[in-house]
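Should a chain be cited, it is by its letter among A, B, C, D, E and F, assigned in written order, with residues numbered from 1 in that chain.
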Amino acid sequence: MDKPEKLMIDGKRLDGRSPEELRPFKIVAGALERADGSAYVEMGNNKVFAAVYGPREMHPRHHALPDQAVLRCRYNMAPFSVDDRKKPGPNRRSIEISKVTREALEPVMFLELYPRSVIDVFVEVLQADAGTRTAGINAASVALADAGIPMKDLVSSVAVGKVEETVVMDLFKEEDQWGTTDMPIAMIPRKKAITLLQMDGHFTEEEFKYALDLASRGCTQIYEAQRQALKEKYTMRKEEE
Amino acid sequence: MAEIVSRVKRDYIASLIQQGKRADGRATDQFREVSVEKDLIKTADGSARVKIGKTHVLVGVKLQKGEPFPDTPDSGVLIVGSELLPMASPTFEVGPPREEAIELARVVDRGIRESESIDLDKLVIKSGEEVWSVFIDIDVLDHDGNLIDASALAAIAALTDVKALKEEGWTLPEFPLKEKPVAVTVVKVNGKLIVDPKLDEEQVMDARLTIVTTEDDSICAMQKGCAGSFQKEEIEQAYVIARGKAAELRKLLG
Amino acid sequence: MDKPEKLMIDGKRLDGRSPEELRPFKIVAGALERADGSAYVEMGNNKVFAAVYGPREMHPRHHALPDQAVLRCRYNMAPFSVDDRKKPGPNRRSIEISKVTREALEPVMFLELYPRSVIDVFVEVLQADAGTRTAGINAASVALADAGIPMKDLVSSVAVGKVEETVVMDLFKEEDQWGTTDMPIAMIPRKKAITLLQMDGHFTEEEFKYALDLASRGCTQIYEAQRQALKEKYTMRKEEE
Amino acid sequence: MAEIVSRVKRDYIASLIQQGKRADGRATDQFREVSVEKDLIKTADGSARVKIGKTHVLVGVKLQKGEPFPDTPDSGVLIVGSELLPMASPTFEVGPPREEAIELARVVDRGIRESESIDLDKLVIKSGEEVWSVFIDIDVLDHDGNLIDASALAAIAALTDVKALKEEGWTLPEFPLKEKPVAVTVVKVNGKLIVDPKLDEEQVMDARLTIVTTEDDSICAMQKGCAGSFQKEEIEQAYVIARGKAAELRKLLG
Amino acid sequence: MAEIVSRVKRDYIASLIQQGKRADGRATDQFREVSVEKDLIKTADGSARVKIGKTHVLVGVKLQKGEPFPDTPDSGVLIVGSELLPMASPTFEVGPPREEAIELARVVDRGIRESESIDLDKLVIKSGEEVWSVFIDIDVLDHDGNLIDASALAAIAALTDVKALKEEGWTLPEFPLKEKPVAVTVVKVNGKLIVDPKLDEEQVMDARLTIVTTEDDSICAMQKGCAGSFQKEEIEQAYVIARGKAAELRKLLG
Amino acid sequence: MDKPEKLMIDGKRLDGRSPEELRPFKIVAGALERADGSAYVEMGNNKVFAAVYGPREMHPRHHALPDQAVLRCRYNMAPFSVDDRKKPGPNRRSIEISKVTREALEPVMFLELYPRSVIDVFVEVLQADAGTRTAGINAASVALADAGIPMKDLVSSVAVGKVEETVVMDLFKEEDQWGTTDMPIAMIPRKKAITLLQMDGHFTEEEFKYALDLASRGCTQIYEAQRQALKEKYTMRKEEE
């Protein structure tokens, strides 16, 4: 992939979006059969499943905590999800993303309700297009709710960044690779509480503040879609009854 | 740790099968609903999703330049991997692939390799130096039994989805796929043979036999599994069942 | 090793055998000192030891089963057993062979007699010449009996295959490499029960049926030699008493 | 396994901080004593030791010839590793690096990489074939909290200690260090923000935010950690604190 | 997990040795019956089996083309590996080699390397690019004590079994073996020195010292093991024993 | 590093020492903050820390022994401690050195005082210059005493060797690389008990005997410095009180 000459043309991005616009996205609750809860998310060309098992007994037992559940997250990319085949198994990047995913979700959990047990969250990226961790968090959040696990609220996530001096919403692959800055954020939108914040690149103070606002707007839009997905799943269940 | 099914349920399933019936009403030689979808993953050169009942497998194929094996300098390379994702079953664990996943990948590999499904000799860029490697990666997303048949079908479906590349070094008009092998696993429960076991049926099976056949009904690979045994007549009967079912499944490849 | 021009000449194979003939073989019971039971097998140029330990306590204990013994098998090749030195440690091939070896032996075991315990079977290939898994199963079967572990019967194993359109017994290295088909089988010969069946290559229905018959004949011959080996060991023991 | 601090002590530390005080008498925005020493390790091309209170980190930099990454044929390679040595804390275990050590190395890496601290383009020996690899290895010898700030400071200090090599293939007058990014971690306890948490303060923190800034006060990397959350205002406040502290710490680099 | 021998038996063995006696009637400086067989493995370039009492070790040597180490461009490569096969003892476990197996291989390696037993400089095909690698792999089939002596003897025996290759790149009239180092392990029990400990004697030993000597009785390698210590006089005495026993064992190499 | 023409000139070594002379060395007790005991040692250009934790509870528990403490040692080299960067993690060399370090220290321990527990000794080499294992043992011995763990005595260690037919004390890097023989030794100097002995190279009987004597002299010098270091630490503590 060669670097494009420009990443912004006449105020529009290479995929035709305005700087403030999210990519098309799709959120489905209950997308898998076996898991206690699950979700499928597309954000642009990202395709991601999340599955939740638990609360269930922890193995091995000495990893359990006496006064709360352990939340375990595993972010994984399918070997065919990226341009150069990814060797199966965890690497340093996926271990870090698994950690920040867990920390993005923990603020909405009531882990103290389930001492000695574990809640497992598995994120599988089938097709990657920049922002896989945010898509994974969006899916995981819905999957947790779909599993019927009590939560304070949903967590919503999007990356903002900077492309040729413009702060933009929800980077896609070319922007991620050739842009200046990438800042994935997760929030509890109604509380404006930020649960994930990472940043690589360059922001002045002003850009940074604007980026936080922009991310907040993006998360709110995704939050609505997450709720809608859960509502649809619930309605379908009701109809089936 | 296997998933635990109560003894009562196990006995019920097994005694039904002995009477030629199944808990979900299927005939002994009947598959659950099978769907095959292709061209799902842009980052792969070919992809397919197979669902058999609640079992759900996604396969992506990637072609990459690499070195040939030293003993086959004039052949492309075929590599099949599989991940029994922990999301697919409460009993699948995080970690390196265990024997079940390894056997799955190797049986799928053998069906494709031994049927000469892919004309690997055409995938040479420079003899002894550079060839195309065909990576077939199996992602098991939901496990409700019969993973071998689902994975083998998804693998061959994903191969039919591979188009000619637009990369330097690729000179073929299309991907050289010559044969569509199909795996059918026949399972023995209480002396009866059934196809397409659901997970709870797998938990009561004595033995299984996977038979991979090609379009002319000949056999290109087999694999017996589990702690039981087969009589010769059962194996011959399994072959007849497998070639019939393979013909049905092959139609789904389009 | 270059491909020979022909693998069959005038109905004979490159090593002089007829299509229905086994390679020379040798089976010794009790070949090692430390194990509870052991055996040494040569089939053609294969040289294989098997050793059995158990029933013994399972470590770690949570791998034990409450109602039966666990049978564990480990098939391993010495680094010098093949033309290109094999890196020590398990690989995908050896993990699969360990699995099918275990499944080939399980039908003759009374595992329910030893709840919470483990029976370990170790197969070590010192020199390989096609058919190592069948030689390993033959050795393991004798080693289990030598260990005094109750068994319904012995398991006997041989590979059959196809070489230039002829179905042949007990492939050797050149036939394995350049022939069309390889089908390792293990049986309980007296019950005609097939406990291992793998196949790579090409068989028509008729070839396949004939190959099953041929394998059955081979297994019966090996079975007699396995029994003879155990008898000799038993006689020697008696004489020593 | 985290180090266990009694509930009484935890409550005491947390309630002090809520009152704007700290157990060791520091102000909320005050670091412990920080020392930076350089040029300690002859076998390294650059080295530095940073002590922040009882936290003790040693970083060695080695330059070695190697191949560039295929997608950046005209850039040197930067690799940051870290070892949370089991000698540094009763809770660090022998074994491959766990997520805490991996995150530490990756945050230090990003600060250096994203600030373009090292001019990697100058570290090419032959385009696409041979480049200088910069290995930054972090050895944590004593852990009493705030490992990220100590490690990042030691890493940039060690880079300022790298001299021009006398090896074949090295043609630069000096090591091409362009920027000195400094990481400051701001921690939230009971709704208050503090800097430079000691280990016992880390055990009561709700969340932490590391902000890496460059000499012009702009941000080149950030990383939020722990199970809590931040309000936007807190993050903006954290940035103001971080850039102030970074300027102080940068002076210690000499 | 060590094999457990009852305290009574341990005390019995140890007190016997204190009186200069051994449970199996041997003298303190007497080996069990030692046998050396060669040329057993066709797939190896050299092989040997050594039995010392019930201890049984098989060594295979393979020569393969490979790259030299960067710092010795004009030398062949010597690599010694060992597997304490789980079949050899109820206490050996499946898994990557543990410290006992690693020490075994490294002591055998040092005896061969430091005696310059193999003229590695003759094993160069093209300076800095291609050399012969000598792989010595030790398979321990039965463990009844004294593995180091048995393995070292089997290794040198297998090297004497290596013939000139018929492969391209091999130009020597024979395998360049210059020296036959022999390892003898002397063990201290209750203040007495004995050779060739059986497993139950190893379980009561205070310390062991392996001394590898060459044909002129000089020492090329040593390794002390176990939790005890030696006086200088004991070490000098051990050397006298070792060189005597080495001469005996060397005769078995033929 | 090219081989120097000569390693001895006029009876002096390349670094100016006589054959019987130790390199300059420095031993500090209590050099780290967190460990229960610690030490820092320089021998020539070696720079080594040792830390001790324990006696403490063993994890996992089934590794504990019912009648004594387990002594665990881990020798590790920092990646930057050698000329060619060392890949992090254990290798065969470091596993062997960890083992012989443990066995060098065990003779002075009273492990039977602490059943079911573990004493951990960690050695970290920051800068290597031949003889790292001996520097590590010297540091570990002081760190154990600094941790207040009862010991019969201190263990002191030095390597002797042979350089161009001369037996020399305390090899430095060039001598280690280009000399004939390297013999690391550890002793309990007052008992003349040898607790570590390894040797690579070539010694005649006479050379060997002389080398043992020389090592004994070196260990005694180091022993005095170890005691001095502990005394200084103790005095400082007293003064602080």
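FYI, a residue touches a chain if its C-beta (ideal position, glycine included) is under 8 Å from a C-beta of that chain, and two chains touch if they have at least 3 such contacts.
Bear in mind the structure is a predicted one, so any value in this text is a computation, not a measurement.
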Chains contacting each of chain B and chain D, listed by label: A
Chain-contact steps, minimal, separating chain E from chain B: 2
Equivalent of C-E within the choices D-F, B-C or A-D, defined by over half of its residue contact pairs recurring: D-F
Where chain D and chain E are represented by their mean Cα positions, the distance between them in whole Å: 48
Whole-Å gap separating chain A and chain B, where each centre is the average of the chain's CA atoms: 32
Rounded Å distance, chain C centre to chain D centre (Cα mean): 58
Inter-chain centre distance, chain E versus chain F - centres from mean C-alpha coordinates, in Å: 26
Chain-level touch network, classified as line, ring, star, complete or other: ring
Complete ring sequence of chains beginning with chain C, oriented so that chain E follows: C, E, F, D, A, B
Sites on chain B touched by chain C in the complex: 99, 102-103, 105-106, 110, 113-114, 209, 217-232, 235-236, 239
In the complex with chain F, residue positions of chain D that touch it: 1, 40-44, 47, 54, 56, 58, 60-62, 64, 81, 83, 85-90, 94, 96-97, 135, 137, 139, 141-144
Residue ranges of chain F touching chain E (in the complex, touch as defined): 92-93, 95-96, 98-100, 103, 106-107, 183, 188, 191-205, 208-209, 212-213, 216
Contacting residues of chain F [partner chain D, same complex]: 32-35, 38, 45, 47, 49-51, 53, 56, 59, 74, 76, 78-85, 88-89, 120, 122, 124, 126-128
